[in-house]
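Would you mind keeping the following structure in view while I ask a few things?
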């Protein structure tokens, strides 16, 4: 089964190797996230002009939209890692899937709260049962379910596999929820940034948005690496490499 | 055929059969008319007459907004391509509520006008500075901004 | 030695679960009682205003029945896990998914069916028009098996854990959102005199798919959960 | 940037009450998310060191190495 | 691993483990376990509490995933589908429904597994000494009688390999003799059995293969 995995990936998926790799990369990722985040904030809050319709309130998109993207992107990563974990039983994949869930939940929560803070002045309501909002809420519940199931097991690896299974079921569920709620005509606007055809956003507003998207991606990787490192220490606490780290004088 | 393969084949056949039935039912369901939003012209043609409460969707007619000086009562007209419906609403209207804005109002008919219990403003997915918008508006004289389709993948 | 046919095995399982349920008849009555009490509370909480009760009747009955089923869901495999019957079932020379499907059917017959039988009474308590009742029952007939099937997957996933009541609710909620939307949509449409076949057709489509996929998923989940 | 324009900036065209809480939520949630594993890691390592110390003490007390229960 | 050579070398190798190991939370429960079980042979798995006897049984039954090493069934790498219906497992939990009578319980088992040749339900109950109890719910039986009801499955159902986890627990002297008789009959039919026990077992039908468990 492991012959399908390239050798370097196989090596990287060994916990001590990944621990060192992630430890070396994490500060750089964090620095990149902070740098791009700062640029995006300056661009979004100071440089970008006010919107013709929404005035300054639209500036919430610079965090709302990247967070919403991340909430879905992280679910995708989690689902992929969950699949790998279930099929090939690779420990690192289990850990990546399980440690992605809290970050995804954090971004989903941010999306919901900032969306609410945007919806009140613009639509006139904090919340509406529209397809996007509802599927985002369901996404939050899925994340919480995965986290809850993971922690309900005494055996961590068994919990990870059960929660990974739930994550896979959830992947199918999110679009279904979206379309089922779509019935009740939707209030949320369409997609602004399109892969095909021109974006309907002015360039001065677009670049901070894209930069922030990049920043959240870097942040996700930095946070994920930190979480995975911690979880590996916990899971492998009986192994020699962890003992060396624990007793070593430097907290590396 | 060995039992494992046979079992797998049965499972695959069952899944395919179920998917076929499900697709059939889905196609049938799509052919049914599911309309939860009525435009003023539909209301006037009597399409919504069987409902007590329904949703009215359309654009706010320019210059039709009248606010009461003593209360929160507001009256305005919602129009679509070839219909208009007077609406009355008591409450605080959202900031985006203005002339030529797409709105969705929930409520019921009272004689010839619509009494709304909730008014929501729908904004489009276009973001641009005011100057640019003015410039564009000048370019395509009195052409409304394109209302985007809702088929996008990202929120 | 002779291996029994699938039909025999299914019949044996169904008979076993139904006999067990019959020996504990009191447990069957509990969800019904629960649904009656919850429905009764609504007029008290909202006031006996007919129009208001009528408007919410369909949704209230659906949600009440969903919650009543959730109450009974936990017990779907718990006794079988405790006494080792589930291990024996996993090791039996029969397709596990099929056996689980039979167990789910037995569970549906003993928990959901009594609820569907009293659903007109529940709806009547909230003054749902009689003309809408058949649609409500039809919606329930299609949606409750889905809740049983989805619930079975989640119960199987939590089979290896001790505290699972709240967790089960948290996990089931996102999965049953579409089911509730379509079932309630059909009832509401019928109540407003609109065509209600479309949501019923969607429910049917989902049910057909779940009937095949859920037992397979349930079997996989159970193997994961027992693997410790 | 003088005081007036700074004030103008913070007012955000009258939407300050919505905009700034949104940004605050964004940063607070992500900060907590980032801090949680670091704290957990510190605790883990402390516990592990304590466990190893206890084990070493146990082994030095009983000169012949005892068989650890699996 | 000490696997004493036995006389039954002419029979086919039914089950073989190669370097089998199992970990719980990365702590080895047992490691590099090697043994061969031939048809007509009894394997006695010995070890202290916590040495992984039950874990091994559950692995062999197919309830637990193999972490390390390989399992062979008739010389082929073991897959679940190959040994389906050939293995009977008797674990700590007996798999009896407390609200059903012994015969009802057995009927369910027969419905899933089928009958072994030339057995009937009443004969099986008589053999384990539960003749008068076939309408009593299992809940009201004593611990030893419950065990006997579970043993009746061994009499009634077809299988090549028996995996018996602590079959002597809760049994009186006649019960122990019953287990031994059932084992002897099973081995005489060219069946094989693996039995765990942490106590001394006096098995009269020839010297069993002893498999010691340690981490």
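Going in written order, the chains are labelled A, B, C, D and E, and every chain counts its residues from 1.
Operating definition for what follows: a contact is a pair of C-beta atoms (placed from the backbone, for glycine too) under 8 Å apart; a residue touches a chain by one contact, two chains touch by 3 or more.
Not measured: the values here are computed from a predicted model.
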Other chains in touch with both chain D and chain E: A
Centroid comparison with chain D (C-alpha atoms), farthest chain: E
Winner on C-beta contact pairs when B-C is weighed against C-E: C-E
Chain of greatest Cα-centre distance to chain B: E
Distance between the centres, which are taken as Cα means, of chain C and chain A, whole angstrom: 33
Cα-centroid distance, chain A relative to chain D, in whole angstrom: 18
Whole-Å separation of chain centres (CA-atom averages), chain A against chain E: 48
Per-residue multi-chain contacts in chain C, two or more chains: 202, 227-228
Touching two or more other chains - residues of chain E: 27, 65
Residue numbers of chain D (touch at least two other chains): none
Complex contacts: residues of chain E adjacent to chain A: 24-27, 65
Sites on chain D touched by chain A in the complex: 9, 12-15, 18-19, 21-23, 25-26, 29-30, 32-34, 36-38, 40-41, 44-45, 48-49, 52
Residue ranges of chain A in contact with chain C within the complex: 86, 134, 138-139, 141-142, 144-145, 148-149, 152-155, 158-159, 161-162, 165-166, 169-170, 173, 176-177, 180-181, 183
Residues of chain C that touch chain A when the two form their complex: 153-154, 157-158, 160-164, 167, 170-171, 173-175, 177-178, 181-182, 185, 202, 217, 220-221, 224-225, 227-228
Sites on chain A touched by chain B in the complex: 49-54, 57-58, 61, 65, 68-69, 72, 111, 121-125, 128, 132, 136, 183-194, 200-202, 204-205
